[in-house]
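In what follows, chain A forms one complex with chain B and a second complex with chain C.
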Partner chain A sequence: MKNSDNISEGKGNSRALHPFMAMVNKEISDYIRSWRFMILLLLVFLTCLGSVSVAISNIDEAVKANATGDSFIFLRLFTASDGTLPSFFVFISFLGPLLGLIMGFDAINAEENRGTLSRILSQPVHRDYVLNSKFTAAIIVLSVMMFSLGFLVTGTGLIAIGIPPTADEFLRIVFFILISILYISFWLNLSIFFSVKFRQPATSALAGIAVWLFLTVFYSILVSLIAKAAEPSANASAGQVMAYQEFVMNLFRVLPGQLFSDATTTVLVPTVRTLGPLTVEKIYGTIPGSLPLGQSLLIVWPQLTGLVAATVICFVLSYISFMKREVRSR
Partner chain B sequence: MEGPVIELTDLTKKYGSFTAVGNLSLSVDKGEIFGLLGPNGAGKSTTILMMLGLTEPTSGTLRVCGINPTTNPVEVKRKVGYLPEDVGFYEDYTGFENLMYTARLNSIPPREARERVMHLLERVGLSGEESKKAGKYSRGMRQRLGLADVLVKEPEVIILDEPTLGIDPRGVNEFLALIKRLSREEKNTVLLSSHHLHQIQTVCDRVGIFVGGHLIAVGDIDTLSRELFPHEPMVIKAGVSLDDIYNRYFEGYEKQR
Partner chain C sequence: MSICTCSLKTIFAAILICLSLNTAASAPLDSVKLYTPFLKISVAPGEAVDYSVDLINNSDEIINAGITVSGIPASWNNTVKSGGFNIREISVLPGDKKNFTLRVEVPLKVNRGSYRFQVKAGDFDELNLTLIVASQGTYKTEFTTKQANMQGTSTSTFNFQTTINNLTADNQHYALTADYPPGWVVTFRPNYQQATSVDVLANGKVDMGVDVNPPDNSKAGTYKIRAMVATNASTAALDFEVVITGTYGLNLTTPTGLLSTSITAGETKRIPLVVQNTGSLELSNIKLESGAPLNWEVTFDPANIDRIAPGESVQVGATLKAYKKAIAGDYVTTMDATIPESTSRISFRVTVKTPMLWGWVGVFIILGALGGIFYLFRKYGRR
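After this line comes the complex of A and B, so read on.
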């Protein structure tokens, strides 16, 4: 019954927690006890189980396909698929936004509608604690979830295929999980922003889903229309074609989803050497092989910076509109 | 630190062209129960929000316990307890847990908090109900839980915004008696806003009458009636109010049981 105050009592009875930590504590326990989180967890768990089992059943083909030996077999667990079910990292790029949106869409407006926001804000806490504690708690919960999922896949793979991952592979998996958390936190911040802006949780959830649909479905249609219009003629110079390719790619790179999939493919597939167009001259003379982790990360550095920037922009927007707001009771 | 606990000087709050509060000057002394009386939308709640730093004044200055709430809201909120008009609790937490959370936000050590919360629940008449979910509380119980919630931090100043809204007449009397008793025992300063003259009359030492964002008169009830209606003869009316009938009926009913 009184499990919420067990959290703080675990650390001795005499010292009080910092109010911010008390708020984060409460938010975490609220998330974990909510039905919404259970359902999400189940959903994510099942899809990942599915994609991993597909990957495991296909991994022998992957091994046969590149018999050179140096290929990163373990990482194939995260990328292999036979076409019936998408691979693990595609699943994450699909479910990640959903996770972030669902965790944050009612963060602020639900408190406002219940009348608890004005009560909390009349306690001696800074106003941004409310926003920050919501964000921190959600990120902690999501990180724990993503890391356990990632390691669960690693462990299952280890048992199933019997080949331990190398240190390099393990680090790549860790970076993949970190990038996923970053990607999810972008969506989380976007939905927290909507929850500050809209009074009704339903509206903010809908707004979040609308943005998600626009970015995943309609934006690419829009880009292909623009691309068709801007297509250079058949006898254009190589430079023009290159410029055109760059232009279309840059249009896609506005999408956080594109940034995420660029970043994860590069990290999980060490043979990816560049994300831009390649000319024959560039490939000519290169020795086929894989990149070390540091170089892979260097390739996706702009993508990571872009994701961080998008996340920070959403956070700043919600911060500004929340701090300026007048908080009335219901 | 003697002198007024709450001091407002030329306070103005505008929403666009609408003036919610205009040139308000007011001071409340320590230990006083001050009533803000006025119709709905007179700017009472806005004034209270400004005192807590929950909204910024357009012009003018405020001092609560000698601190400026606009620039230093956290310090003010350490000393001021505020019961909003329609107080909300986390409905899937018990009454006890809700108060414990407030205690934690006030950095009260757990053991002390537990004792204090149990004591307060007893004082507001909710002992025995503490392990019930706050969502299952009735309106009157929620309001009493709200009062306990305000008292958890042991405030110097208590601000109550329409605390009796939606409680039955008997509950109102109990609630007001509770406020009066608490303020006398703890020497707290209480600011109470209401649109019921009767309620203000029974508990407040001084009253400020608020209409259309302006304070039109301040003083104790006797002075006010003399000031506002100097030429009217004293009229004594005898009668039975509905409240009395209600109270009598229910007391009789309870005795029968």
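After this line comes the complex of A and C, so read on.
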């Protein structure tokens, strides 16, 4: 830590920076200036613009359909769709993994291949700073991106429909963005792990995309196969059918994508009261209505915990493998 | 011829003497008579009877007789008239008769029976006359109803059908009044019109409805209403009896009127309730029941209320226990207070909150994971 001045002076900054922060700053500027990020940003921006325009053109129907109940009109900006283009939160659930993978797939191995990793490590910094700063910088960039996207949608919607969001709606939007960041950071950590594991960036990118494809496409096919095999007979008891349904649902809940869509649906649609199968004993006597934000969050708390856990596991794996590996200069 | 004329003269004289002697001897007693043809007359009350009376003077003197009527009840009017004058004394020429009229007015209020009275002409003669009053006396109004007793609840209107029968000989203008407990409304409807007075012709009848409307909060019991018809001379009263059976009124509510609450799934909540008796009868054996969502428990403390007096209320506590797997959001729970005659239901909107327990478990899992990372930093961080 005594040498912190060295690095900061070397970067030409007048203010003394913690070496970790200096590394994070550097990483951020690297991300921002990369073509990859630009392309990604453009992609995400365009798709989101498309989905928001669809939502705005459909919001009058959504308002009409919702005229009797609690009108969380503003949240419909994020969920409304006419079927031609998916809504905003579906886009995020689709593009988020891609965003995380692209941000992290070459985090370590590219440095290694360029030979810059041993140079950094020759500086008086802790070794884990390299990994941590990569992760932190990516998270900061992603957070800024997601928040600006979310608020862009909010602002556009405000201009288009002229109805300001309530405090509850605004908080729900903020939580939606936070959950999105959490979800993307899972994929980021996964790709960082691959970048530690595989020497070639192409391999790690491929591995990441393979996992993504498997989890989004093939896993559900696999689950449906298992579900078909485990399907109870036509004259099974209600309890067996229930157990079967829960079993299938739990198989899907292994997926981070499922956790994310559960969480965002519940946060963005206040009338969602439960995510599990509904039995008559739970429904009997209910009155349709919306939940307060705290209750919505409590419903998806297991999902959020699962997402956090998955993210932390990926981080821990990449951390251990990075700290244990041998770094040599070429 | 002289003898002849002489004898004629003596005969005439003897006749004259005889005549004069005769009158002189019986003039005060026998030769003066009172005469009227109808001695007994049957009359109706309120009628007037005109007796045409002759005073006959069979004497050969002029008599003066004072006419007096005695034995007539004091309230009866009588006048003696002749030639357009009220007379007290009559003078009659010898061998002549004088007619006078005795008018006796039988009052309306008179008992039935025979009334004897005497007409005297001085000391000469007296007439015994009898008036028979055939019907009971009639300065009288009949105010009757066929059904003077009615039963109903405190919200009903009691309609009594009455008849005013004017038995007097005059047209009467009756004022209609009533005595009733405070808060009651009594309306008279003679000839189907609401009114405070009614005209009834002499010996006529009028049907009249009397509407009695008790206050809605009247207690059960028997009430007496006295309706009166009155003129300056005659009154009649009729007592109605209204039996109010009372109503059963039951109302279940909360002390504040708030019908919503929130509860954490799996936990209990006590809701204060109030059972009110809004009727006019005492309620007994009130049962409290609930229609809660499945697997919810509602217990009332107490579950039975023995009795509530009219207008009173009783505090009850309901303890609500939500099913531990209840989903977050709003449920409806109904609660009933029931007596055999009535029931009162409230719907409670219960907002279920999921318990924070699993939230904290999630927080601890996350903290554990972060603690693991911190441990990794310490172990592998190469510090």
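To be clear about the criterion, the second predicted complex is superposed on the first by the 313 of 330 C-alpha atoms of A that agree within 3 Å, B and C clash if a C-alpha of one lies under 4 Å from a C-alpha of the other, contacts with A are read in each partner's own complex, and residues count from 1 in each chain.
Throughout what follows, a residue touches a chain if its C-beta (ideal position, glycine included) is under 8 Å from a C-beta of that chain, and two chains touch if they have at least 3 such contacts.
Here the structure is a predicted model, which means the values were calculated and not measured.
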(Q) Which partner chains sit in contact with A:Val248 here, chain B, chain C, both or neither? Use first/second/both/neither. (A) neither
Q. Does chain B (first) or chain C (second) touch A:Arg328, or do both, or does neither?
A. first
Q: Using the touch definition from the top, say if A:Ala110 reaches chain B (first), chain C (second), both or neither.
A: neither
Q) Who does A:Thr286 touch here: chain B (first), chain C (second), both, or neither? A) second
Q: Look at A:Tyr319 in the shared chain and tell me whether it touches chain B only, chain C only, both, or neither; answer first, second, both or neither.
A: second
Q: State whether A:Ala22 touches chain B only (first), chain C only (second), both chains, or neither.
A: first
Q) After lining up the shared chain so the two structures overlap, which partner does A:His126 touch, if you call chain B first and chain C second: first, second, both or neither? A) both
Q) In the superposed view, which residues of chain A touch chain B and also chain C? A) 126-127
Q: Write out the stretch or stretches of chain C touching chain A in their complex.
A: 292-296, 323, 325-333, 349, 353-354, 356, 358-359, 362, 365-366, 369-370, 372-373, 376-377, 380-383
Q. Hey, which residues of chain A end up touching chain C in the complex?
A. 126-128, 273-274, 278, 280-282, 284-289, 291, 295-296, 298-299, 301-302, 304-305, 308-309, 312-313, 315-316, 319-320, 323-324
Q: Give every residue of chain A touching chain B within the complex, in rising order.
A: 1-2, 4-5, 8-9, 13-19, 22-23, 26, 114-127, 326-330
Q: Please name which positions on chain B make contact with chain A in the complex.
A: 45, 49, 52, 54-55, 73-75, 77-78, 80-82, 84-91, 93-94, 96-97, 100-102, 104-111, 113-114, 131, 146, 149, 153, 161
